[in-house]
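Below: one structure, written as structure tokens.
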Amino acid sequence: MTDVSIDVQGVARRYGRRWALAGVTFGVPAGTVVMVAGRNGAGKSTLFRVLATAIRPDRGTATIGGFDVVKHRQDVRRMTAILSHANYLYDALSAKENLHIVADHLGVSRGGVMGILEQVGLASRADDVVATFSAGMRKRLSFGRILLQDPKVVLLDEPYGALDPAGFDLVDEVIRELKRRGATIMMATHQWERSAALSDAALVLEAGKIVFEGPADQVASC
Amino acid sequence: MKSRVPYVFLALGAALLLFGSYWGLFIAPAEQYMGNVQRIMYVHVPTAWSWMLAILWAFGCAIAFLSTSNMKWDSRMEAGVEVGVLLAFMLCCQGAIWAKPTWGVWWDWDPRLTSVAVLLVASLGIMALRSFVDDPHRRAIWSAVATIIASVDLPIVYFSVKWWNSLHQQQSTPNTVSSAFYIPLRVNAFGVLFLMIGFIWLRTRVAALRLRQETAIPHGYEEAGELA
Amino acid sequence: MLTAALRKELLLQWRTRSQMMAVFVFGATSLLLFSFAIGPNAEMLRTFSSGFLWLGLLLSSTLTLAESFHTEMENRAFEGLLLLPSDARALYYGKAIANWLQLTLLGCALVPVMVILYDAGTTALLKLLVIIMLGAAGLSAPGTLYAGITSQVKAKQMLLPLLLFPLIVPALLASVKATSLVILGDPMGQSKAWITLLGAFDLIYWSLCGLLFGRVVED
């Protein structure tokens, strides 16, 4: 079983003169689920984007499974999937076509696509164009993208956002499924109680720094 | 204390240019066929040489930046592009001043002048690109890429226009000068070169300072260990 | 990877084909407007027809090139592909080829307009097609790269033409000249030289831009 732990050392990232991340250091053991809490603008999305190699850190280093996010980008990307605020979808294409494209680029068969659409509850809308989808449906399709990638490390940025109660259950289900597959999961969320039930540990970010690191059920009190 | 060398270059360059221009205007003999109009060559040719060097400099800095990711090459490249724009603009003006009495028109399809004009617009485009990008790193990468692409284009543009012109009758273009005119030309060549070096040096400093200001660490994070 | 990228591009183009119609109308209208600059002088219209064709195609290309990245940027779909991971070079060539096909199609569609408006017909259709293909390739390679840059910048509409136009001057010259020789006659057999120049330009820029594209889309 490959090492899929996450190790972050003093990572900082600026936008102009503002430091969105101002030196964060933490580790996530392989196969665990870590909840990341924090106010809007605390740096959660920036942290995830650095780990997903979408952006580089200005300071510090981060490794996933031993691979550096800057020097071994492609290796990190092969292991990692991110559920981002942007849904990475083509509005002009159908749900099925969007997943076909992902399958083609991953080099996997298109055969599993319908199964995944069923899993995320979009089978009945498979041939509908994404432009007609609600925000919640797009989120479900984004989950479909992740399942198709079968990643070892999953970064979920506000997975519960825009979903209905059935969607919430779907998210929990997906997280449990990924956990079963041995993935390492980090999720940024405001749904503390719900996520705490699934998480092994928690981090709280404030103004780009970690202000709490510990058991997930203590987050609400800090 | 910042080095004063660039100012030395500027002073020397200005002095040489003044001396060379005086010689070229008043002491050197008039050219056999073109008369006094030809005297503009004493600034036109040196400006052309310096312009080509400026483009080469910018091209080199762009490659250096993409290879090393060191921002000082970006500052140097920015200076090279801007000084190149200045020189190109001067070249077009000087060329037009020469063209009007000689050919009767301000502009003709001279391959060299056309290449300068095309590169001038391309360089203005690169400067415009830089002004619209806030993130220094991306700005550096994109303008380095654009500079490389534009520089590679320069010889291609030159040959295309030359080819195009060879199909039509072509008036004589300002050509290299015979030995009787060497001294003022040489002096001015060094004059313009030194001025260019001085300007690029100082402009690089300005670019580096602005970059420092853009990426300064805000108060509160400077304490040791805060951004380890 | 390249086939995957190309498949996606062609699918996207097919889905948004109604926009192609609008771009064609734009190009045709440009050709009409150019003819007003000359007036009803049939001889002159015919002489300058190739120039107008290529100018019309160039102006239209700014629309199609910019649009080819618009769909990628609205939901950050392009980033999504890069993170799968995908090879940025393959994504570039997929898009550049798709843009090239689109511009070739547009060029061919504008030829009948040119024939009608400027009485500029020719029987050497195969040669004309080759020139259009090579010229479109010359626009597509740097155009796709620059569209990739400008789609991430504020003043995108203004920057793309400003960056692209000076660059493609040699391709424009060669295309116009070669097309002109095909339409007006080529007694001295010069068109081969221009087509060669066009081919060389294409070779250089298809290689160079592919090499540089990775740096342009990654942070």
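Per-chain numbering from 1; labels A, B and C assigned in written order.
One rule holds in what follows: contacts are C-beta pairs under 8 Å (C-beta built on N, C-alpha and C of every residue); 3 or more make two chains touch, one makes a residue touch a chain.
All of these numbers come straight from a predicted model, not from anything done at the bench.
Undergrad: From the centre of chain B, which other chain's Cα mean sits the farthest off?
TA: Checked the centroid distances; the maximum from chain B is A.
Undergrad: Consider the two chain pairs A-C and A-B; indicate the one with the greater count of contacting C-beta pairs.
TA: Spelling it out, more C-beta pairs touch across A-C than across the other pair.
Undergrad: Nearest chain to the global Cα centroid?
TA: Nearest to the common C-alpha centre lies chain C.
Undergrad: How many Å are there between the centre of chain B and the centre of chain C, using C-alpha atoms for each centre?
TA: The separation of the two C-alpha centroids amounts to 31 Å.
Undergrad: Go ahead and note the Å separation of the Cα centroids belonging to chain A and chain B.
TA: Taking the mean C-alpha position of each chain, the two centres sit 49 Å apart.
Undergrad: For chain A and chain C, let me know how many angstrom lie between their CA-based centres, rounded off.
TA: 39
Undergrad: For chain C, write out the residues touching at least two other chains, lowest number first.
TA: 219
Undergrad: Which residues, counting only chain A, touch chain C once they are in their complex?
TA: 52-56, 73-74, 77-78, 80-82, 84, 86-93, 97, 101-102, 104-107, 145, 149
Undergrad: Using the touch definition up top, name the residues of chain A that touch chain B in the complex.
TA: Spelled out, the residues of chain A in touch with chain B are 10, 12, 14-19, 22-23, 25, 59-60.
Undergrad: Going by the contact rule set out above, which residues of chain C touch chain A in the complex?
TA: Interface residues on chain C, with respect to chain A: 1, 3-5, 7-8, 11-12, 15-16, 71, 74-77, 79-86, 218-219.
Undergrad: Considering only the defined contacts, which chain B positions touch chain A in the complex?
TA: 134-135, 214-218, 221, 226-228
Undergrad: Spell out the residues on chain B that touch chain C in their complex, using ranges where they run on.
TA: Interface residues on chain B, with respect to chain C: 66, 118-119, 121-122, 124-126, 128-129, 132-133, 137-138, 141-142, 145-146, 148-150, 152-153, 156-157, 159-161, 163-164, 167.
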